[in-house]
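Remarks on the structure that follows.
Labels run A, B, C, D and E following the written order; every chain starts at residue 1.
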Amino acid sequence: MAHDLGFWTLQALNALQLSMLLFLLSIGLTVIFGLMHFVNLAHGSLYALGAYFAASLAAIGGYWMGFFLAPVAVAGVGILLYSGLIRRMRKSGPMAQVLVTFGLIFVMLDLTRIFWGDLALAIDVPTLFAGRVELLGIEYPAYRLFIIGLGLAIFAALAFVLGRTQIGAMIRAGVDNDAMASCLGINVERLFFIVFCVGCALAGLAGVVAAPLLSVTPDMGLQILIPTLIVIVIGGLGSLKGAIAGSLIYGFVQTFGAVLAPQLASVLIYALLAAVLVIKPVGLFPAKG
Amino acid sequence: MLETRNLDKSFGAVHVTRDVSLKLERGERRVILGPNGAGKTTLFNQLVGELTPDSGSVHLAGADVTALPVAKRARRGLSRSYQKNTLFDGLTVEENLGLAAAVHTGSATQLWSDSLAKPEVREIVEEVAEQVNLTDFLQARVSEVSYGVRRQLEVGVALATRPHVLLMDEPTSGVGPEMAKGFHDLLNNLPRDLTLLIIEHDMDLAFDVADTITVLNYGEVVFDGLPEAARGSSLLKEIYLGSWEDA
Amino acid sequence: MFRHNALRCTVLLLLAAAALFQALTAGYFGLEILTEILILAILVLALDIAAGFGGMVSLCHGALMGVGAYAYAILSAKAGLSPPVAMAAALALTGGCAWVIGAICARSHGIYFIMATLAFGQMAYSYVFEAPVFGGDDGLGGIARLDLSLIGVDLNDSRSFALFCLAVLGAVYGASVLILRSGLGRSLAGVMHNEQRMRALGLTVWRVKADVFGLSGMIAGLAGVLAAQHVMYISPGLLSWTVSGEALVVVILGGLGTLVGPLVGAAAFVLLKHELSALTPHWHLVVGVILIAVVMSRANGIFGWIEACWGGRAERRAAKAVRKQKTKEVLSDA
Amino acid sequence: AAEENIKVGLLLPFSGVYAALGNDIEAGFSVALEQFGSEAGTGFDIVREDTEVKPPVALGKAKKLILQDKVDVMAGVVSSGVLGAVRDMVHGAGVPLIVANAGNDEATGTSCSPYITRMSFSNGQVNRPMGQWMYDQGIRKVYTLAPDYAAGRQMIGGFAGTFTAAGGEIVGQDFTPFQKTQDFGPYLAQAKASGADAVYVFYAGGEAISFVKQYDSFGLKADLPLYGSGFLTSPLYVNAEGPAAEGVITALHYVPTLDNAANAAFVAAFEAKTGRLPSEFAVHGYDAARALVEAAKAGARDRASLADALRQVSFDGPRGKLSIDSATNNIVQPVYVYETVAGEGGLTQKVLAELPAEADPANGCEMAPVSN
Amino acid sequence: MLELSGIESGYGETQVLHGLSLEAQQGRVLAILGRNGAGKSTTLKTIMGLLPLKSGKIVFEGKPIARQPYDVAKSGIAYVPETRDIFPSLTVRENLEIAAKRFGGAAPEWTMERVLDLFPRLGERMDNGGTQLSGGEQQMLAIARGLLMNPRLLILDEPTEGLAPIIVKLIHDKLQDLKAAGLPMIIVEQNFGFATSLADDVVVVGKGQAVWTGSAEEIRADEAAQHTWLGV
């Protein structure tokens, strides 16, 4: 098959779009996971929850209602989780956290089944981004371009907050040594609470954004968990740079792997993960060192 | 016994080891002095292999070991203690010493016998516990003993590999005068053929135990010679020995 | 470092007695469940050796178990080797795979180690899933059980098979204790507590990790061989990461690094699952809530909770110190 | 009295990815029992077990049903893996099993059993007729896509075989990692670049929804019409697919819009019970129960007689005339080509053609008859 | 201004302090001396709320002290721990910036410039990571960080540990200045000379209790006490 330039542009955009979706998801996880050292395996469930909220809200008030309210609703669930469980778990070992969040996956999976049923739901692409756009000589679905743009915008905003502001430095300090940080008069508890909620909201946002593209099913959270973990581990925990790099690598390897080496498509990303960890045991851009 | 040739190391723009060449004879006891941040610990890390120098080489007993990993150098008789305690916190003092002795006696990877129960390991553990005054603490968990005891154990673990060359990074830092004195006695009782390289801020101790003194400043060897010469050196006084009591 | 104490011995004896009683008296479904517990127990023992005593938290033990199962199935059903030979070969193969994975992942820690092992597990899963020789996702049937008729035991009988699994589990437990008490096991404890220092003492750390991971993988492979013989049919689902995840949950639920705890965890988990799934299709929900409750009780799993009730002050202190240490280690690696 | 009742074990997934299918099958099953149960001359006791779509779990549950509950007959099984796992057990114990979904060709091929009767479909069966039909529509070059697992390969294989035999050409084929592919963008670009006249796919469940929507969002439907196995636009998912599914042409053994009396009765009863239109899965459950009733009507009561009677059932059901192929115990049924079109209450299925029933080739099935 | 009476505290079930009492006075420097493991650091950690108070009372400026480190800091106490606890993922500058607060109010106010004047070495390392500093540099940073909080009470745990004598002298001078400016301090020290030359009052801790209390001159003169309690 001879492929022209347009074909490769299209694939590059596909890769970029997948990357940005993963970025939205993994940045939330890396913020909670890397910064708070909290192993939140239930992050994928929050993503699924975001999609479900969006589906229900969209049925009432259209896509944009879901877009704006679902992340807030997921953050609300985050608040419940935080005050009920996570605050008490922050100082427990990672093993206890794995167990609790594994339990949460089970619970949330069944709760979504009880509330929304086993059948897949769907949301329509918002009319603003319906259709396709002429770009670089090809036609590309506008909604996918929207995802790319949204991902980049969130990346820029977070890079600014974490890297350039006082609050970003305080978050990192609290992560390094929360006892000492509180001795310096930093309200670590409140800081982490905010961080956790933002992380949840971002997971919810990823769910909302993914919903029109995919289908909304109870197991979507579990399905996305592994890719997300791969992204943050390839990139290195806790760093924004790592999350974006990991997402891009995942997106491009997955997309071009499917095109160039279809029989290896399912193994390729794992092989890459293993290779990265052999060469750099802490990922490409870990937070420290 | 231990030699470096033109060792050089930078962290980004910070040049921490500048062309350092040292030579320790067998049985020599050398103290490294130098202000904070002079690069003493960094030098140790390069000697044992935890850091790779940018250029230059490290020689142990005549052989170039620059490319060898930490463990292989250690098995050739190079042992160190750390400035910041690096112990097996959840285990007892006895087990801490036993692990080191087991590696030394080669029983650390055996599948068919308990290394810590071996007579040759037990013997070393008891000897070392005696040497570093830990006989009473053998059954205590490291996480539960005081800092001073941990400091002694830090040296004890290094000794339990029965090294030919022992590097000690501020062994008396943070311990009281009483323990510092005990440490002094320990040094005096160590076999004379053990080669010692010690980083120390305690002048009295340094001048007392040292056969030779090396002074580092900004990663550079600024003095290398006998203690007597060091004591009189104005350079040393200026960069280092200013004492608050003189004020 | 592994220590046997009165509490552990008591719990162990009680477990063995309960299993034996069950094996001798239970009906068909009871034996099914018992066998399931016993096989899971072998798997979680393997995982506890690596994770609880070596800090190597693995998400590929399910896959290793699958490798053992598939190796046995292919070698016995397709290559026509006799079951004992196929079994030995399967164990050797799994041990070898695990050794290589352990050696490659040795430099990673904490979550990185988990993900590295996950990667290998998923590679094995994808390969088996998509390979037509292994029956793809439809799986492979017609697997024979070991023939012990020489000593008058018919393993095709559910009761005999359950007793056989119990015997194997006993042997594996004994072997695990020996491993942990050996020079290798001691060094492993050292590596888990402070890898840097072990290296500085002259230990080739990656070898120790690889050796232990290999042994652990071999035990997981044994669980796989038994699972294949038990079900007499295997499918790629065995290698899925969720199996590893569930095993990990069982180990933590039971009590990481206690060897006895995971056994309790295996029994509790399987029984809970069966009781609940009979009651409601939403048994995941209940299991999830129970998991959360156990952790919130702040003990080191069920066994930690038993320990606390037992009340030995010294015990508790020890457990706490060790746990704290572990926490610190995994965290500082992350 | 209770002793004379036939004890039926339902082996279905009620949790896990196929829970929706399990529920639909069960609903169909009970609708049929309500509708025809009185004709059987005996009652039915139902024991349900959740397979969780995990073969070892399913086998454990099957053992429980067979050995402990001592059921006379079992029905269910959604995934082929589960069917593979329980096959030897069922065959060995001589308990009849009515397969209500799993479609792998081997089940009524090399590993067929006189005790296993399939009332659903086989993977090859529902796709094979489409090869000739599409060729007859003037389509010459086709690109195929399916998930990379046994069912995906068998479905595509069934179609490709007849399509190439008719003179068509498969210009490209992709098998996407099963349940790991959420973004079909890369594959769609490949298909577009391949120069095919049409695309033929098999996807089901969540993958089907994502696929259809993404296919539409790239604007491919106009130049490159989408065909496939009918699961792609099953009534279970088609509403989630929305307008993207309009105009997609697929083939399946059942759609709820089939125009016959039996179907009208079924649809009405099913809607009354669940408030939904029945899917092909519901009809599997429905017909499985119906077959059971037919067997009981013929006087069968115990395992052996039920097994024997089940392979001889034949009736006019919602899908048309059904019978069991005595050579393989697989169902013989017509296949319907339908287009998904906009209707009053959402999307609906417009039947374009009924392709005649055809028995599967024996596929290596050798079966001893059940002794009477 | 800070008064501890009969406090009991420790790590989990290991009780370290057994009814320790001491008092730090407004405008004065209190030195806590004692052998290794006596419980000096434990006392400070208990004050800061890092360890639970099992019994006894801690009163700061007439009010019972809060039990969360954050609230303790807010009430005007700055703490320089033995282990320094520099934040590794922050640069030196960020380590300092996040501590810059105005909780207390001892004039003159500490600003970034003043702190860098005090420790010029830090100025050269402003954009380095916190843990890329040598031990001594980290100690300077920890003290600088405490000062930037502009505390009403400064608590220092072994501020001279691992420092070259020239830096020790520098720190001594600077602490002397702070004392002159009226900043109350509590200092835990191994360096007897350093501590007693700076302090007004001295408490010797032994086995978790205050075993000797008096002025700095007294302990300097009292060789017997020195020998008994400190082993010098």
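Simple rule for what comes next: contacts are C-beta pairs under 8 Å (C-beta built on N, C-alpha and C of every residue); 3 or more make two chains touch, one makes a residue touch a chain.
Nothing here was measured: the structure is a model prediction, and the numbers come from that model.
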### Task
Please give the intersection of the contact partners of subunit A with those of subunit D.
C
#### Entry: Steps needed, at fewest, to go from subunit D to subunit E via touching chains
2
### Query
Within the chain touch network, how many edges lie on the shortest path between subunit B and subunit D?
2
### Task
Would you kindly say which chain has the C-alpha centre located farthest from the C-alpha centre of subunit E?
D
### Query
If you average the Cα atoms per chain, which one ends up farthest from subunit A?
B
### Query
Just curious, how far off is subunit C from subunit B if you go by their C-alpha centres, in Å?
42
### Centre distance in Å when subunit A and subunit E are each reduced to the mean of their C-alpha atoms
44
### Summary
subunit C and subunit D have mean C-alpha positions lying a whole-number Å distance apart equal to 38
### Summary
subunit B to subunit E, mean C-alpha position gap in Å, rounds to 29
### Task
Find every residue in subunit D that makes contact with two or more other chains and list them.
19, 148, 177
### Message
At least two partner chains per residue is the criterion; list those residues in subunit B.
### Response
144
### Message
Give the residues of subunit A touching no fewer than two other chains, as numbers and ranges.
### Response
113, 266
### Query
Which of the residues in subunit B end up touching subunit C in this complex?
48, 50, 69-72, 74-75, 79-80, 82, 86-91, 95, 98-100, 102-104, 107-116, 141, 143-144, 157, 161
### Query
Can you name the residues of subunit D that touch subunit C in the complex?
14-15, 19, 50, 52, 54-56, 59-60, 63-64, 67-68, 80-81, 84-85, 87-88, 104, 106, 111, 148-151, 153, 177-178
### Query
For subunit A, which residues are in contact with subunit E within the complex?
166, 169-170, 172-173, 175-177, 179-189, 238, 287-289
### Query
Mind pulling up the subunit A residues that touch subunit C in the complex?
33-34, 37, 39, 85, 88-89, 92-96, 98-100, 102-111, 113-114, 226, 229-230, 233, 237, 266-267, 270-271, 273-274, 277-278, 281-283
### Message
Help me check something: in the complex, which residues belonging to subunit B touch subunit E?
### Response
11, 14, 34-39, 41, 83-84, 144-149, 151, 170, 173-179, 201, 203, 239-247
